Amino acid sequence: MAYRYNRLDKDNAVVLLVDHQAGLLSLVRDFTPDEFKNNVLALADIAKFFNLPTILTTSFENGPNGPIVPELKALFPDAPYIPRPGQINAWDNADFVDAVKATGRKQLIIAGVVTDVCVAFPTLSALEEGFDVFVVTDASGTFNPVVRDAALDRMSQAGAQLMNWFSVGCELHRDWRNDIEGFGGILGGHLPAYANLIQSYSQKS
Amino acid sequence: MAYRYNRLDKDNAVVLLVDHQAGLLSLVRDFTPDEFKNNVLALADIAKFFNLPTILTTSFENGPNGPIVPELKALFPDAPYIPRPGQINAWDNADFVDAVKATGRKQLIIAGVVTDVCVAFPTLSALEEGFDVFVVTDASGTFNPVVRDAALDRMSQAGAQLMNWFSVGCELHRDWRNDIEGFGGILGGHLPAYANLIQSYSQKS
Amino acid sequence: MAYRYNRLDKDNAVVLLVDHQAGLLSLVRDFTPDEFKNNVLALADIAKFFNLPTILTTSFENGPNGPIVPELKALFPDAPYIPRPGQINAWDNADFVDAVKATGRKQLIIAGVVTDVCVAFPTLSALEEGFDVFVVTDASGTFNPVVRDAALDRMSQAGAQLMNWFSVGCELHRDWRNDIEGFGGILGGHLPAYANLIQSYSQKS
Amino acid sequence: MAYRYNRLDKDNAVVLLVDHQAGLLSLVRDFTPDEFKNNVLALADIAKFFNLPTILTTSFENGPNGPIVPELKALFPDAPYIPRPGQINAWDNADFVDAVKATGRKQLIIAGVVTDVCVAFPTLSALEEGFDVFVVTDASGTFNPVVRDAALDRMSQAGAQLMNWFSVGCELHRDWRNDIEGFGGILGGHLPAYANLIQSYSQKS
Amino acid sequence: MAYRYNRLDKDNAVVLLVDHQAGLLSLVRDFTPDEFKNNVLALADIAKFFNLPTILTTSFENGPNGPIVPELKALFPDAPYIPRPGQINAWDNADFVDAVKATGRKQLIIAGVVTDVCVAFPTLSALEEGFDVFVVTDASGTFNPVVRDAALDRMSQAGAQLMNWFSVGCELHRDWRNDIEGFGGILGGHLPAYANLIQSYSQKS
Amino acid sequence: MAYRYNRLDKDNAVVLLVDHQAGLLSLVRDFTPDEFKNNVLALADIAKFFNLPTILTTSFENGPNGPIVPELKALFPDAPYIPRPGQINAWDNADFVDAVKATGRKQLIIAGVVTDVCVAFPTLSALEEGFDVFVVTDASGTFNPVVRDAALDRMSQAGAQLMNWFSVGCELHRDWRNDIEGFGGILGGHLPAYANLIQSYSQKS
Amino acid sequence: MAYRYNRLDKDNAVVLLVDHQAGLLSLVRDFTPDEFKNNVLALADIAKFFNLPTILTTSFENGPNGPIVPELKALFPDAPYIPRPGQINAWDNADFVDAVKATGRKQLIIAGVVTDVCVAFPTLSALEEGFDVFVVTDASGTFNPVVRDAALDRMSQAGAQLMNWFSVGCELHRDWRNDIEGFGGILGGHLPAYANLIQSYSQKS
Amino acid sequence: MAYRYNRLDKDNAVVLLVDHQAGLLSLVRDFTPDEFKNNVLALADIAKFFNLPTILTTSFENGPNGPIVPELKALFPDAPYIPRPGQINAWDNADFVDAVKATGRKQLIIAGVVTDVCVAFPTLSALEEGFDVFVVTDASGTFNPVVRDAALDRMSQAGAQLMNWFSVGCELHRDWRNDIEGFGGILGGHLPAYANLIQSYSQKS
């Protein structure tokens, strides 16, 4: 059976940011806090840059899980924002699913905290409904690498594609000429090593 | 072929705890003792919380393998308890298989020591008989990560789903509103970082 | 110049627990949460077992740093408890120093969060005043191993002795015959591998 | 399509030890020398214990690759021994394939140095010819974990089962009662932690 | 369905070296610089040794990404060299695809920087067009192991074979007797441990 | 001989930032780029917050070493800025030493790239001249941990104190009441885990 | 003050093996079981080879700590063997100290389980009495590297020299010509990589 | 007591390369083979560049230890070359010590295999005789990091300075203007990341 490259398309993709909340973030131990913060905001900037519809959801944000990280709320002031009253799997929340379906898009780019629950559960549910799911592994965090690896295996075996924020951005952008300055700015802002290259280059120009 | 999300269901799941014995635990080196003890007891508390039928089995517990850890025996005083006279694969023991089948349930949540034998063998046997198997990777331990990874790959390729105690609990619970206090108590008891969130939150309330 | 073994003496030692607060604990990344919680409570149990005077102190516990972990408060209900109004170095707080000096003891066993500040600063201050300081490295946590190693080097070079909760307990106990059951109970309660040895041994007795 | 548990059977398995040569062993860096030596000899002892037909082969043993490790030669003095004149893939050597086929067995238990070549190539060739292949990952070594992981993925995707010497022994043995002393002796000889359990147990008996 | 061993064939393979540029190399953090440089040049030497058609391509080499590493340019002075004007996925560049197809070969050996983009994207595109793709994991680099693992999983699930430069060389060479000196020279030049074996051996001859 | 706690004093300290240049930063491999950038900027913010005299110096910034990172230049527009014409050890440059001495301060807080050269050499020179040197280990980077550890040992044995940006800030601040908002802002800006605590706390207030 | 090289002398050294007991060994997690067993037996073989007086001691060997490992007992059938009735620090046991002093030797080579207690305590006591102490770090084990590093720092700061079994053997042997075969045999028996060198060499001779 | 910066001086330094032999190199496991080869040759190139007197010595090079690595022999054809007939500590060989003393230099830059023996023993002997010793930690290799750390601590406590090849080169060079091209060439040849900087820079010039 021939393989088909299911490739991210900026006209068919939606970004789902699940439970990046101040309290829950203290559970994330498979990335350092600096790295993880950077990865999540990089993904958010990519969503913004490509004008992808973006959906935010949280779990019990008035309790110990804490509020959504303020940078995300600020970046997407008009995005659908679904504070779930109790459902652990965001896909069990009708408002969330409706918001996804209202976009008319089939490619779901998902990240969240924790990987094995808040990312894995809606991923598996969406796959069952025929969506294409792209898991942003480095913008999703959990307790430790053993837990992460099990969760990623579960999603991969179910048909999800494992990616990272950088490859998501590149697969959406396709060609630097679409906007060199804009895309370079995102890389420079979230990849210090790339910012150094740009700076050294600029110095000589 | 469409993917079907085979989701844990508290009315269809049974927990199998295989060979968590005092002697065998000294072989476990892919987790620290503190972590592993916590993970096993967390899984046990989840089984208890959801009233899942639970089956305990041991191998040669009067020999060097040693007795089952007392906390497990104490938590499940009335559970089927099958000390196997010699079978390495618990599924080769008719009493064990009968106990599983007597529950009438099709979803097996399994953990044990060591992962590559006491978990892998009955997992593969049960898959062959058509059961759905969910391996709790962080409540199963073995000699080192190389051995663990090989064993998990073998089981995953055969169709088992790889999970961890936290995601098992969340997939069973489905909605916090089913019992906020109870479920939060389990998390607080086994996730020190979550206990800290609860404590900080309570202080302010 | 001859070396003198400055050995912990249960009649001359006092335990200082500095800033083990629910919020600050989320900063600790050089131990897993399970390990660290266990290490701190093990040290606390040792302080209790040997009836060592114990002093608790916190920093801004009504703010984001959060309250002291409840187990510590519960274990030492009558201990001096100094919530510092602002001093970062506990030794800059006169009440804290007075509490230490009131014990009349010269050997300070110290642990806290974070190692490089809440442990290092009072350690250096106390060394300057001629106290003997024993740093419990595994009951003290901080951001990452690079930070920890720098902090431990700073304290060691200043004359502090680096220890861990287990060696603190053993150096205080000196002889198992002083209380076999009691001391074994602490080890069994905080070292799962030792608990397994006890259980296997008991089975055969 | 139903899963079938392809289980090792001591009447249908043959062991292939490929290129465990003194020179080539210096290339192995994904295990420490102590661990790797122990793992290889443990697998050899298992082959002996179950009287499995065992085939040895080497590559250029008069050159820099060096002679086969003497313990293996001594353990299997009458085993087919095929020094290959040049073929890198042992399955390209007719004598080797003939030796395998002469056993009439279908389950190949394979280990060698290096994993990505001396193990992977004959594994893939044998799978193509319809054999069942069980790769002993911890008795196979190579340059580093990145290389190992790629090689194991390649073999697993082709249908090989990834195992380790301990699980191979247990899957062949099936039931301790078949020979408690003999099998325990192998474990005690190659698992120091298990030897300790036996010794502690014996002391009390 | 029977497995077919899709084996590298020096008459059917082409090597694609994608974006090994001086600037981009500073992004590679999943290998040390010494290791990575050695791995890339080893793969290049293998391409040369077997006279495999080799295609070089770069992205924006006049900008911060920097020029292709000079050793590669020097080794393949007459190879097709496609500086892409903007396409991120080399397969989106018609010249590149034409160069590949002009070789008439079906087995693509690919390596590049970064793994998750410059290797993964053309790999998936080529698989879709029916090419066989062999990814050289240790001559491809990226930001960190989490990103690498996700990218390798994506490619493996799509049907690519994961290899390393050493196994590529060995699978192409098939038999040492085809050229002992030549092939040994490549190994000695890129595997210091093998060079040591050769030297020790030569001393004694 | 009594130990004296040589404690950072905001009226006696000067900050030396040595060779944080765009090119040289690509050599730093003992921290991830995200972490290292954050650590350097945190130290810079601390220098600013306490109005510490700060001296910048670079080595060959018009060559491959590249320009100073722009954030540092922007933060300290009026600081002494000494581009060294060739001296590797900044202390061999009279302008640099003069700038240090002109501050009249005796406590040098130093960080730079690479640790073993740009930090170690001026540290040892300054110690010889009787200055007190505080090395900010996590704002200094180099090739790998083996190199770092050797360099830190050399400096520590010579009498330098090993610290990190957080402990430098806390030792200078002494008491939260000196400026709660200001100091909390620095922590929130550079410690994502602390920012989360603040956010969760604020939500409840 | 001039440095004096305090060098191991086979006529002035005694070996102390402290608490290498079957139960306690299950606590050792800073080495793999294979490595640790090999290291301890290598040290024992060195003691034997140089006819060094050797003293064995155990703690509560009839309890959970378990019996001394049988290989040590067998190697030194006539050595002083002091089962301590309760003293944790072997130096608190008069029989042990008497046995040490009876040798008339001043250089103590010590190893044991666990490093932070059974090695550190008698090391510090012996240093106080003017003995020279050489700690065999790789034949001493404990809970984890954090604990080990603290214990080694404590002993090093007190004046002990940190060594490993290989350097102990070499410092005692001084010159290969004293017994090439004998010393080579020990290395070959405990260093698989060295055994391979010998084998490759012998093949060519 | 004032600290004196004992700084490498190209007119007072001599380089000692001890036992970098083809066989012994297979024992080195605390560096990858690629890294270690590069480090040793970088140090050799530095010795050459500064025309430092260099002394080579080997142990039993006609036996399993193997011949000196050919690159070193080729780089220093006229250097004193002392094949020791049996002495393990090179300082026990009169020819070696005479060669050192004949240089009239007091600063010894030493590297070798293995760190804990071939480097540590002559280092301690030379320190006792009043030489200044600079240990090149990354051009010295041994069995594992635990052994290395113990050996480095032993030497550091005795007064040796721990360095690495890069800092040795920089401390000798003092000022880039002494020879920009020459020194840059060494860095470019042994630091791939620095070579990339040079190449990117040159492109723009």
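Every chain is named by a letter (A, B, C, D, E, F, G and H) in the order it is written, and numbering of its residues begins at 1.
Methods note: contacts are C-beta pairs under 8 Å (C-beta built on N, C-alpha and C of every residue); 3 or more make two chains touch, one makes a residue touch a chain.
As the structure is a prediction and not an experimental result, all values here were calculated from the model.
Participant: Taking CA centroids for every chain, report which one is farthest away from subunit A.
Facilitator: Between subunit A and the rest, the longest centre separation is with G.
Participant: From the centre of subunit F, which chain's CA centre is farthest?
Facilitator: D
Participant: If you average the CA atoms of subunit B and of subunit H, how far apart do the two points sit, in angstrom?
Facilitator: For subunit B versus subunit H, the centre distance works out to 54 Å.
Participant: Rounded to a whole Å, what is the gap between the Cα centroids of subunit E and subunit F?
Facilitator: 41
Participant: What whole-number Å value describes the gap between the mean CA coordinates of subunit A and subunit B?
Facilitator: Comparing mean C-alpha positions, subunit B is 30 Å from subunit A.
Participant: Residues of subunit D that contact two or more other chains, please.
Facilitator: Where subunit D meets two or more other chains at a single residue, that happens at 23, 26, 32-33, 66, 144, 191, 193, 196-197, 200-201.
Participant: For the complex, give me every residue of subunit A touching subunit B.
Facilitator: Of all residues in subunit A, those touching subunit B are 23, 26-27, 59-60, 63-66, 85-89, 92, 114, 116-117, 120-121, 124-125, 127-128, 130, 143-144, 146-147, 149-151, 153-154, 157-159.
Participant: In the complex, go through subunit G and note every residue touching subunit H.
Facilitator: Of all residues in subunit G, those touching subunit H are 2-5, 7, 30-31, 135, 137-138, 152, 156, 161-164, 166-167, 170-171, 173-178, 184, 191, 193-194, 196-198, 200-201.
Participant: For a test of understanding, state which residues of subunit D touch subunit G in their complex under the given definition.
Facilitator: 22-23, 25-26, 32-38, 62, 66-67, 69-70, 191-193, 195-197, 199-200, 203
Participant: Mind listing the subunit H positions that touch subunit D in their complex?
Facilitator: Per the touch definition, subunit H meets subunit D at residues 26, 29, 32-33, 144.
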